[in-house]
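There's a structure below that I have some questions on.
Each chain gets a letter, A, B, C, D and E, in the order it is written, and its residues are counted from 1.
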């Protein structure tokens, strides 16, 4: 049967088409010797030779910093005005199946008791075009967390590269279908010879079940292994900032004596001051406790609370870590 | 050792004795006074008004020329010495004037010359000890008044050849030559040279003071480094004898002359014949010749 | 809104915002002297008094720019005259470092001035303020810096 | 001496130190699981010293683990640290600034012929192209302060005038108009995500409460907008003036490739010219920013 | 929300002319935290202050802004007023809208002045919001004073302090107190004998129960700060037991060895065991060790044999004593410039050329000649004396640029003494100017010239030389424009007064400043003439520059009164503008310790309950800290802050800009 195909040569038209309809087109592009997700204007900005973009596309639904309210001081009263988020139709091209699944995790957090429109409104207008992986590196471990290049959850449109460098297009969600409709002119029907997908090897010795149950046991909380595993962690927030599922943020006011704005900024559980109490007491006073928190966040808290995936195995944290602290090495250790 | 040497005008004429005897002595002491290939009058007065650049031009020319022939320059005449050394200081310390002067004499001289009086050469380069060894005719028993005058010593911070109030360099030399220097109060006073033209009375008085105070402490001979002093002292001697009863004039000669004498040079070559008051009787009865 | 915008409104034309960090003993007193001697100078500078230039943290200057200063002036006792004997020597060291850093970052050095003004140099103070004000007025508002906050992060451009 | 031999000596020395109890932990480099990248390891058990390695991939400056931030490592007891000359410079500064007592650390100095700029660049052999600027100008390939030196003496002598990309770029920037420099840096800083990896990886950023964590008042805006990014990067650079040793860890750790080495090396140059001081060579002399000389020269204070 | 009151002063028309104070008051009412504003004609007037106090009570204000003149003018005034009304003085801030606004913007429209005043006031308001209440620092004061130098200034200071009921230790490096004044004959302009007025004071000092004399002693080391100095004093070995010695003088009688007497300036000899002069206080001889054969090579020992109370001990050694003081008075005095450098005057070569101090000895009835003027060379009574003034003084080339101040007067005195003692003797004085400013001073010099016919010649001396037994003086008389040559029997040089050798070392020990002539610097030449920059250390007498006896005495008393004021309370209060360390975040890198100009920061430890040191932290000594804030800027982790100028305050001010 004939398949829907997006020619690489047509991507330019797709970008224009999206642009003319007032949308933003986000795709992997080369910035400072790195491939990152970036809102782009033309096809020649797009880079196709990458495994994963350095950053997760979460920053287009959950910006690193955004103003949520403004206030001005007059007399003794403060006049505070909330900001309306005006979400712009955004399509993310070239996401990977692993990271696509992260959106459910994020949505869970931003909606479970209070609906954070700054997130939801953006996500509602987001179209994720996933491209199945034809490449992987030693840091990839999606298969180990029961995902794979075929995983489609979270994607609105699933693409696969063909031998000719074009893409077969599979619209999965209504939003995806609508998108393909809207920009029908950019797609065409045809046959395609698919490039084989590349699936990272499952890391032997890692057993999620074991990890789950081990973490479930209170006494293991104080297991000295944490200390040994993560002694080298220097406590920067790099891993959390590139992680597609990390979502912690901090509300802070910035301004002058006359006016100010309230900002929602990314925060990281790896920071010393993350859980620092006003008293000066810090329940996570050692780095390994902070790291343990992130780990359990991924493998216990969120799975249990939202039955959503905490870790999608994209391996970004491994690649970015200045001291090469590899989460899978911890997983392996904790599977024992 | 070869030292660039600036004679100055007077030493080519009336003060020839100062020049020849010095060269001879140098030879005897094993160094050469290499006369500058080209030189002009030093101007003979260091401009008193400090901004008179023109007055500095002549000495500046001499200095820039000398620099091309070495890094030191020696001279004999106190006046030349005074003028050259002070001009050199100005060029060295005062950027603006250096620029103006260089512009005027069309040279690029920076004041790096080291100017030494012949006395300094003897003291610092040769050494009085060595001089002493070289002595052939010790001036035994001659009571000599070493007359510095003013130009050789002042202003101290510009000239600095020796302590301006209590100099000894001259006496030290005389001792080396076997003579007996006498300490007399007026040895650093002015002879009045600057007024020679327009107020002779002053010259007579001042020169008189000098000679009187020297003879007063028993000097039988006065030596000087300065053609002007030598000239004025001898010239005023007769008048002083008239004015001051009991004053007996003594010979006034250049230090280089008795240096040559002591070093055993031919007495005829020393130019004593130029002096008015004859030194020979003294030398004879001291049995030096 | 702070006075400068308002002032611009009144005098017509643009009026630069200038912040001055001065030491209590020399420059502040010098500025007072300018007043007691009824001299006149441009009204654009706002002084923050500190005990000593040694107290001045480079962050003050950065903060001033962040708050929309078009120019910053730092001034204290002449070397050797410090009320605290050596405070201004420490300050001078820091400024040497900081100045080069700002220069390298591309801050226009005509917007950042350092000076020694003693308690008796009212005239110097007046000239300083007038010159600095005029120079910065020529340059216009420090848009490069003021604009920074609202520029979108690169990825979202 | 080859890396292999050095590894051998290193392991023996480490074992000896641990068994004798002279040190309680050896801080060094080891392999990751895939044996493709090096990573800091902490050996407390004499039998595990064979995990220690040394090769051109050992880029990390381990001196950061000597700072008080790492309470748990300090709790282990007296450390021995495996360090290259450049790492030792940082240890020297730590000693000067009273963060470490010389006698409290055993320094195993590794003679070094250069490292890779980033581990990702490693293709199996060390070529000049993949070496960072610091290695091309390194005058401490033979460790200058150490309790035990491993490796044959390096014959390398650094060039008279420093060479390498960093210096070229600095020269280029200095030649530009202020506005060009401004645009360059604002563009670079705009990528900053305020992850503070540059701070955390730097052993001289040893403050137990960084000024960015101080919020009364909040001198440095936590937001990762360009203004907050600028003030952070300026402050970081300023705090390292006269202290930074150009080890390059900050730039290596930066996930968004901000060329921090330019800033640091620029200020190192300034300090050299203005105060004739080079950081990391002598633990006796105070860093220049906390002392002064009555005749410091400058031409901009009117 | 705070309750801040803003008071805008019109200062008559001084401010109101250029600033619309009413509008400022209105605008400021809109600023958050401000609950009351007003403007008034003269805030500093008593009704103005009353208004302020009242508002504080009625409006329950907790912070005060006064926008008026420079804080240097009235900050104290308004803070006092606020305190009186019951709020912390440091919650009151003054905005400078006069010196730095209204007075410098006459040329501008009133609008501009108003706008600037608004800004400045707003900045101060924001700053004030961050002002925490401060309490003045109390420092305990040790009520015991150290006086260094037993000259007239030091004696006076010691006596006054002692009379004030406080303990004093008077340290003198010579064997006897008295200083230079003890050498003088009569004193101008009253001509009363120096000994006669000084000796009683010396004795009084010796006998006073509150004064302890440490003669033959020197200050070795000074630590601490105002109210709490710790001083090490070296008590040089006298080889004579002070407590047992009766001062009978037998030992001196019997001592067979002589050497030059420093006290008599070489005009005569003294024994090797000696008291500097007959009226020495204490009247205890000391052995001049370097010249004593017994001590040097164990010969003689006569003194010990004749000593009744057996109080001579050749083995005695220096003692270092450590004492604590609340205040220090420095009165180390002066010395004369060595004349040898003036070859033209022949001092040192020509016996009969002496200096003024030597003449004092010749004229002193207790001097080597019993008060008869006899010249050193042959003891003849000089028929004529030439006095040369400004020898070294006012002479930048060879001497010092300043005027030694007393020479004109004492030279006039010398001519009088001479004409009284030697009838028919003629004195000549070469002078540059006669400086006789002071009560009855001018009359005094006139008298010297008119009654005692001293011949004053305005001009300099070019040369002094000997000629058959005479001292010939060549000089210029610029008034008659002629050269003069005087045949004198003796020449007296009025040599410049200079600071003592080692004045700089002592200054460094004390941490006080000195000028290029090593005279000590007063804190302020007019308004703080006896204070130094180092709190608690005061100056008196010629250690700060040439001055005469009345001045020295006045300063001694002035310094004493400062000390007594300091001692009047058990604690002294200081402005609380000092640094404070945040122990939680301090990294103990000691940068602040290195940077502090006052070494006011110490290394401190935090201990756990077991008393083990858990960490090191910096600690500021409030007593020493002067509040410059150098440490604050040096601290990267912002772990030090400066009270009164905290980061928060500055930050707030910038934010309101």
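As a working rule, a residue touches a chain if its C-beta (ideal position, glycine included) is under 8 Å from a C-beta of that chain, and two chains touch if they have at least 3 such contacts.
Since we're looking at a predicted model, the values are computed, not measured.
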> Fewest touch steps from subunit C to subunit D?
Replying inline: 1
>> Of the chain pairs C-E and B-E, which one is connected by the greater count of C-beta contacts?
In response: C-E
> Looking at CA centres, what chain is most distant from subunit C?
Replying inline: B
> Centre of all protein Cα atoms: which chain's centre is nearest to it?
Replying inline: C
>> Measuring between Cα centroids, which chain is at the maximum distance from subunit E?
In response: A
>> So the centre of each chain is just the mean of its C-alpha atoms; given that, what is the distance between subunit B and subunit D in Å?
In response: 72
> Per the centroid of Cα atoms for each chain, what is the distance between subunit D and subunit E, given in Å?
Replying inline: 52
>> How many angstrom lie between the centres of subunit A and subunit B, each centre taken as the mean Cα position?
In response: 99
>> Could you pull out the residues of subunit B that touch at least 2 other chains?
In response: none
>> Among all residues of subunit D, which ones touch two or more of the remaining chains?
In response: 191, 209, 211, 219, 221, 224-225, 228, 289-291
> Which residues of subunit E are in contact with two or more other chains?
Replying inline: 122, 584, 595, 634, 647, 651-652, 655-657
> Which positions of subunit E touch subunit D when the two form their complex?
Replying inline: 584-585, 587-591, 594-595, 616, 634, 636-639, 647-648, 651-652
> In their complex, what parts of subunit D are in touch with subunit C?
Replying inline: 173-174, 178-187, 190-191, 211, 219-221, 224-228, 230-231, 234-235, 237-238, 241-242, 263, 266-267, 270-271, 274-275, 288-294, 296, 298, 300-302
>> Taking the touch rule as given, give the residues of subunit A at its contact with subunit E in the complex, in rising order.
In response: 73-76, 78, 255-258, 280
> Of all residues in subunit D, which touch subunit A in the complex?
Replying inline: 32-34, 36-42, 60, 64-65, 69-73, 119, 188, 191, 193-197, 199-201, 209, 213, 218, 221-225, 228, 249, 252-253, 255-258
> Within the complex, which stretch of subunit D touches subunit E?
Replying inline: 68, 97-99, 206-211, 214, 216-217, 219, 239, 286-287, 289-291
